[in-house]
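You will see two complexes here that share chain A, one where it goes with chain B and one where it goes with chain C.
Coming up: the complex of A and B.
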């Protein structure tokens, strides 16, 4: 027990976190209580549930968009916050799924929710598997720079392709997509759509939370902190990265297909660099590696942007840039780090181990 | 024959423009290990300063001469205040410089609005060779690019300053132990790279006209060129820029422009994947 305490009280070198992760896993939470994370999550959920009751109609439509973007932000947080893969091309999966379901609706008249959402997820999964497999796997481990620039280039190339390809509508994209249907019911903008996407967000959030708190999540956190050490432990670091990248792509695809049906149109920006960097902003603002931080970041950035855009449309992007710079310089863990301690951010992993095993 | 010559000239002049833009990016990436996302915005600033001089009634030449100095000075200040904190973490550096770029880009967008502003060519007209006409300004750009390349090469390979810069790149600890002030070298390198971007912006603004996303257009091409050429030397990024610029300009003559556009990036990424050290590996100049 004293060994564990020493490891926890140990110095704050770069190894400190890994040791604390390991210590947390060994059982025995040292400072029990003060669980801020579930409170934050609960507050956000309650606020989200109540939002349509107090918001006007046009604001509910806006809130729906924000919830979808929060889902998208979640996908980036999985990839960057947990595995440390800088995916500057997350919009590629978001947008390609959007285009995919738009084509399904336009050319094949398929709008059934049980077909289009899995299709969108599958498109995101396929593209991220291809791109991630290409960029991450191979005989030599790819450098961080290569992966980030590779994803960025992929997103940019997709943007150019979408702009120039007549079948995809060129510059204008695909307008007036038919609404998503469930039997005879049509999901149009409004509270029903809002609760649908909120439900999906909650389910995906819980799945992600389970994933990152499992043994797999522990390996990912190790990957983020010190990839070489994880490789020396015998983990196939590249495979882990490719898996989480693919999962992230699938979530982005789900978000993209919802977005396409909610907005009713898709356009080239949706696969491009603009949206790719937008999602990076959300997660950096909110706080990477916490899941809820990504959601909060999306809500704050979109909310403030919506609020300011009436009067300060021109200077808002400048303010955003300044704030982003300040966050990167002084709050690298995002706004959530004001309320969330380092210990809780790292958290504990795997199933709780019985007390008995700690007894001498 | 005449058509082939015009095509070759077009390809050459676009290649020169890409080389010019990549020079600064490559020097910063190679010498400091930072992929500067704000580089495109330094190009934009150079273009904006030229436009500003023109709109105030000054000769365009004055703006073009001032641009590299102003942008270089800005780069020096930014390095001292902000970039300096990012050296340890390349990804954070990317995000931080992205934020800087966002600020500059949106500020310029606020200043010029959503317009495409044109600046006339300081050397107008065309050079006639028999029946062939080529743009005099584009020809000037090619000449200036060659001069700047030669100048950079000589600076890095022949001068005391270049020697210290390369020493700082190869082994910062040993450079410090030898009495070279590495922070000063980093500051100077960043300012120099920014100044080159400013010059590039000033020279290309008559060709592409001024709009807020001008820099963004070249940024990704520039990154790909640096990676293809190989980080770690001066020659590498220049060679990469030559290849990428030539390919981007030449392929649309052969296949559909849309496919060509995408194909360049796909080929480049595949190339980097299988040859991560780039075209020219090694720690030469």
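Coming up: the complex of A and C.
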């Protein structure tokens, strides 16, 4: 019926309704390109599982770092891609968790995985709750500029603090962090660490996927598209924002604590503006508002930087910069938009969609 | 009285948009707000809905002073607004647009675990059927005609079962036929909801409203039943002056 109506766009139908469909929309297959997402996710997962088997040892170490950064990218994607909160200070939660677990290891000899990872997550959660509460929980909605400058300032201030505070190692940060342990086993760089972080990434990814596909995810979509509108429905928009910001902070904290143990040291950049910007680029490059886009963005940006810096020692940052600009200018929805249609990116949230769609 | 706005003044810089305007709406009443361009109709609507804070004056809703309430608090008290500019969420399906409005008062726990989407399904389909949009349920809202987007938006505004619905120019940009259908779609809601409607189309207003308030230069020029307003000479004058 609806197809027929679209075909006779502009005509009056029997029940008197005038069906005008915007030019270009009529006849466009609305469901085109569905179900690409699970395929992309599957391919990425298989590639990630096989990577250590084909990569040389030093590349497995590099791949581990990339997987951790992909986890960090997920945290920013939740906040920006799904809720539309421009956080230019995501590294604050990543880095402060890194510093936190480094201090636990240095000063209290706590390196047990079941203590340090929850501790790092909790640090990220606490800091994002405090900053998010301050920036987002006003009686009236905060402006995008206020939030982006607030998070940027937070990240910058943390960087300065880390550089100036002797206890945190000043400019040099905290070197030689003891390895993370599980009983007597020590996680050192290599395939075991790789599969550990990959496992964590998969679990967090699935949890995020569950969240963004739930009715809560629908509320986030409303928040992202028109915050004022959903407030008029009775949503507590600021609370929703603070909640997702805090979840993002917790994920960034988890990533930061893994990063600290993997690299074996933390340094001021890890809480600063450079890393905060880097995560924005991962997500914009891969495709914001899709979880897999954030993962792909982290992999490609880091992979390309790695390859370029090896082969074009002097000019690689310029090449990378131009590549990033090209993607952001010509594919504002990121690389994932080459294979993923708008409908599938946004998704559907209602129940019984399938039965309703198949109904005559 | 369901809604009482009194002595509403709103100043934007040097411009006084409202200068002591008032509006009273009873239960199950359709109330039209009319007046020439720039008379302050939309500003008064926004002050009532909470999109603007009045410089002076008081808004009461169900005997509660809501002047300082946020839009969220007003919505939860039973007030709903359809914006003048269509603000359906274009990339979401019609179904999800309605679900978004319906689930607004579900708890966070229910939202995260999607506990209400099964139970809300019938209500979503009922709303879509009522507004003659059921066969487009799974199309993105962006693919609708302008008139259909307005209907979707009215459906969304009604989803939370408000006691009062504020409609800012619902028939703007509609064809004559779409206007007629809009009138038909609005009639049944009178059983459970009052309506304040800002509209340029005086025929439309006359057909569906019980009472009218006429604004001119931020003040109330007249208020009364449709026939009283039609007989009012000063109202005739401003509309003649405009013509």
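We take it that the second predicted complex is superposed on the first by the 314 of 360 C-alpha atoms of A that agree within 3 Å, B and C clash if a C-alpha of one lies under 4 Å from a C-alpha of the other, contacts with A are read in each partner's own complex, and residues count from 1 in each chain.
Note that in this section a contact is a pair of C-beta atoms (placed from the backbone, for glycine too) under 8 Å apart; a residue touches a chain by one contact, two chains touch by 3 or more.
Keep in mind that this is a model prediction, so the values were computed, not measured.
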- Query: Given the touch rule stated above, what does A:216 touch, chain B (first), chain C (second), both, or neither?
  - Reply: second
- Item | Which of chain B and chain C A:140 touches, first, second, both or neither | both
- Query: Which chain makes contact with more of the residues of chain A, chain B or else chain C?
  - Reply: C
- Message: With both complexes superposed on chain A, which partner does A:225 reach: first (chain B), second (chain C), both or neither?
- Response: second
- In the overlay, answer first, second, both or neither for which of chain B and chain C A:343 touches. second
- Item | Touching partner for A:243 - first (chain B), second (chain C), both, neither | second
- Examine A:233 and indicate which partner it touches, taking first as chain B and second as chain C; both and neither are also allowed. second
- Query: Touch check for A:148: first (chain B), second (chain C), both, or neither?
  - Reply: first
- So the chain A residues that chain B and chain C both touch are 140
- Message: Per the contact definition, I'd like the list of chain A residues that touch chain C in the complex.
- Response: 1-2, 5, 12, 15-22, 25, 28, 30, 139-140, 211, 214-216, 218-219, 221-222, 225-226, 228-237, 243, 342-343, 346, 348-353, 356-357
- Note on the structure: In their shared complex, chain A is touched by residues of chain C numbered 49, 51, 70-72, 74-76, 80-81, 83, 87, 89-93, 95-96, 99-101, 103-106, 108, 110-118, 120-121, 124-125, 132, 135-140, 142-148, 156, 159-160, 175, 177-178, 180-181
- Task: Mind listing the chain B positions that touch chain A in their complex?
- Result: 35, 82, 85, 90-92, 94-96, 98-100, 102-103, 106-107, 109-110, 216, 220, 223-224, 227, 257-258, 261-262, 265-266, 268-269, 272-273, 276
- Task: Going by the contact rule at the top, pick out the chain A residues touching chain B in the complex.
- Result: 86, 134-135, 138, 140, 142-146, 148-150, 152-154, 156-157, 160-161, 163-165, 273, 277, 280, 284, 314-315, 317-318, 320-322, 324-325, 328-329, 332
